[in-house]
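So that you can tell them apart, the chains are marked A, B, C, D, E and F in the order they are listed, and the count of residues begins at 1 in each.
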Amino acid sequence: MINITHKSPTLRKAIAQAIVKVSKPETILAVKNHGVPKGDVLEMAKTAGLFAAKRTADMIPDCHPLPIEFTAVSYELGEMEIKILVEIHTIYKTGVEVEAMHAASVVALTMYDMLKPLDKGISIEQIKLIEKRGGKSDQKTDFS
Amino acid sequence: MINITHKSPTLRKAIAQAIVKVSKPETILAVKNHGVPKGDVLEMAKTAGLFAAKRTADMIPDCHPLPIEFTAVSYELGEMEIKILVEIHTIYKTGVEVEAMHAASVVALTMYDMLKPLDKGISIEQIKLIEKRGGKSDQKTDFS
Amino acid sequence: MINITHKSPTLRKAIAQAIVKVSKPETILAVKNHGVPKGDVLEMAKTAGLFAAKRTADMIPDCHPLPIEFTAVSYELGEMEIKILVEIHTIYKTGVEVEAMHAASVVALTMYDMLKPLDKGISIEQIKLIEKRGGKSDQKTDFS
Amino acid sequence: MINITHKSPTLRKAIAQAIVKVSKPETILAVKNHGVPKGDVLEMAKTAGLFAAKRTADMIPDCHPLPIEFTAVSYELGEMEIKILVEIHTIYKTGVEVEAMHAASVVALTMYDMLKPLDKGISIEQIKLIEKRGGKSDQKTDFS
Amino acid sequence: MINITHKSPTLRKAIAQAIVKVSKPETILAVKNHGVPKGDVLEMAKTAGLFAAKRTADMIPDCHPLPIEFTAVSYELGEMEIKILVEIHTIYKTGVEVEAMHAASVVALTMYDMLKPLDKGISIEQIKLIEKRGGKSDQKTDFS
Amino acid sequence: MINITHKSPTLRKAIAQAIVKVSKPETILAVKNHGVPKGDVLEMAKTAGLFAAKRTADMIPDCHPLPIEFTAVSYELGEMEIKILVEIHTIYKTGVEVEAMHAASVVALTMYDMLKPLDKGISIEQIKLIEKRGGKSDQKTDFS
């Protein structure tokens, strides 16, 4: 685990995404219309993501434990996919990009778990960092 | 959470994959040549995956806790990607596909975390079930 | 921790309750109308309860780890209170009453946490076992 | 999860209570006289409460992880009830009232679990905040 | 993780020890006389050990999750040391020796943590398996 | 749990050791030559130790949660033993000696678990603090 004792805490932000690809439009409709037997997919997956953001250092060996000070989970529903966006902020010595990607992946896996009785052809795609701000290597500068 | 009290335990197997896409061949070479400063990527990621398989019910709301009785993590290294394969077996009343996908995603996230100092263009792709055996809806029959 | 190696697994069920008492009717209305800024109270609290049921042995020293095979969270909304009911089933050597009470308490605490910006006078009352079936000391016999 | 990046850390204190109601005086006597087969109820429940205080953010979705810097568990034993008091301090940007209530509830549940072989009529009552100091809305001012 | 799907569950027992060595007799006297400021050392350490037994698979990569069906923690107090004995039983396909050793080590570490304000010269010695019964390689046969 | 709200954060360092004693030289050779069926012992045990360092407050009742800002695991292989050294740094109000000892013990237990199919005579010895720096009672002063 990298030594960060000498670093100064600054405001760090990260946005990560994951995409849940379904095999038929009815799956997305079931999500929208609250027609999934296991419950409200968007709310339950968001809740699982809030927990996952906080437990990243428990799952990834080299991640430093850090104070998660803001987490937001949002969705963009397409005809055949759901895009998950997770934004995390901290004031600490290291960034939160892995935290955001971990949370996005758990949101996606929760959807997979809830939707698999309805759709056997779901996959999770493009878990990646979208924006990062606050360390030495900002990927984008407009994070207002 | 679905009621499984009436189901009979049978041998269940699942294989899931995740793909770590890098942006330059040097990243894969660093993995192969043990040249990553944070440590041995393949061994550390495998270890994180063993833990993740066992903690799936802790991360995904509707997953039943179940006895993970075998987990194997293997890799296929290409020029620009690493394919992660996780195989899990249980003898229980419900399958282990989400467990295998969860473990594969944590293996991939551990790689991302270890490799991001070397490569800013990594994404995780195609987390999906490859094979499943033992429930009512086998996807493939040859799981020898 | 009591020795249960000699006991036989049987179907065990428990229902526990917790009551969230608010100080004004507007609090309950905000829950019903999805007007709570932190999110959908009933769905998020239910999700937290599903996790809590599975983590009871992690929180209570003498609780045996056991296979939670069914969990349901339901609500009865009154004018000034929300009654939470958690039902859990297992097939194991010991009962799930503490699991049900633990899950009910975490559902209630999640509501408290989400509602405290709106209502400073909330308390949690009457966490107790409502029904239990399957061990030597059934409290009620009609658990259909 | 609410954004607290802009807030300043200050000393925050909270005291919460939970009440364990028993159905006969012999139950309280067994606690006092170390006559409970599962062990020393007051010490074991206190230990469970210390852990629970630290794991609140793991159980409640919107709770921020924060540095618990002091936890004390104390008891008032009546003839037919045990009042549990949990006091927690932190220096952080948000308060510890949910942490104190969560710890008090786990102390109470541990007692329930240890005492249920002796008393089938136990319930947990009045989990609530008693005092809070350090945020914008102190409930009491005398927290010396 | 070794494949145990083909194995049959049998009664498995293990006893492990750990020894806490202190640097002066007053340390042991403080334990006996309840004179340690942090609390009752023997009860709190036992409680930590009960939790640790159940969380072994969470800490050790290749340990299978298994149903802990009995745990007992006992002590032998000498003039300059405390011997900790942890006995665990399960009915499962693999043994509980690592679980017993893990619990014994956490009991010892809890003592270390509670006693270090009183004694700067404490070490933990001889964490080892004392007895094992139920698998193919019993170390002792008299486990009555 | 001791009140540390009034203390100032300073750089704290601790090094702890644990010794894994084997019963035959072949066991050490198998570790060196990557001949252990369960996997790469040194890498897997190190990974388990990184997680354990971060989870100390989850296992030891009175340990404060704190920001682990550096962890290093190193080994000295003898003919009949492996010495494990864990160094941890934080900037906080309390030290990390229990964290270092806890991590060292989990590294040792992981080795025990991986090596027990090869060697039935392994024990863990001398878990103790080697160096500590940054609090009021430095044990050694040269921690450069």
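Here is the rule we use: a contact is a pair of C-beta atoms (placed from the backbone, for glycine too) under 8 Å apart; a residue touches a chain by one contact, two chains touch by 3 or more.
This is a predicted model, so every value here is computed, not measured.
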item	value
Labels of chains that are neighbours to chain B and to chain F	A, E
Shortest path length from chain B to chain E (each step joins two touching chains)	1
Comparison of A-F and D-E by number of C-beta pairs in contact, larger one	A-F
Matching chain pair for B-F (criterion: over half of the contact pairs shared, by residue number), options B-E, D-E or C-D	D-E
Chain whose average C-alpha position is farthest from chain E's own	A
Gap in Å, rounded to a whole number, between the CA centres of chain D and chain A	32
Rounded Å distance between chain C and chain F, as computed from the means of their C-alpha atoms	39
For chain A paired with chain C, centre-to-centre distance based on mean C-alpha positions, whole Å	28
Per-residue multi-chain contacts in chain E, two or more chains	1-2, 39, 44, 47-48, 51, 55, 61-62, 65
Chain-level touch network, classified as line, ring, star, complete or other	other
Those chain pairs that satisfy the touch definition	A-B, A-C, A-D, A-F, B-C, B-E, B-F, C-D, C-E, D-E, D-F, E-F
In the complex, chain A residues that touch chain D	11, 47, 50-51, 53-55, 65, 67-72, 89-91
Footprint of chain E on chain C - complex, ascending	1-5, 57-58, 61-62, 64-66, 92-93
Residues of chain F defined as touching chain B within the complex	39-40, 43-44, 46-48, 51
Residues on chain B engaged by chain A in the complex (per definition of touch)	1-2, 38-39, 44, 47-48, 51-52, 55, 59-63, 97-98, 101-102, 105-106, 108-110, 112-114, 116, 120, 122-128, 137, 139
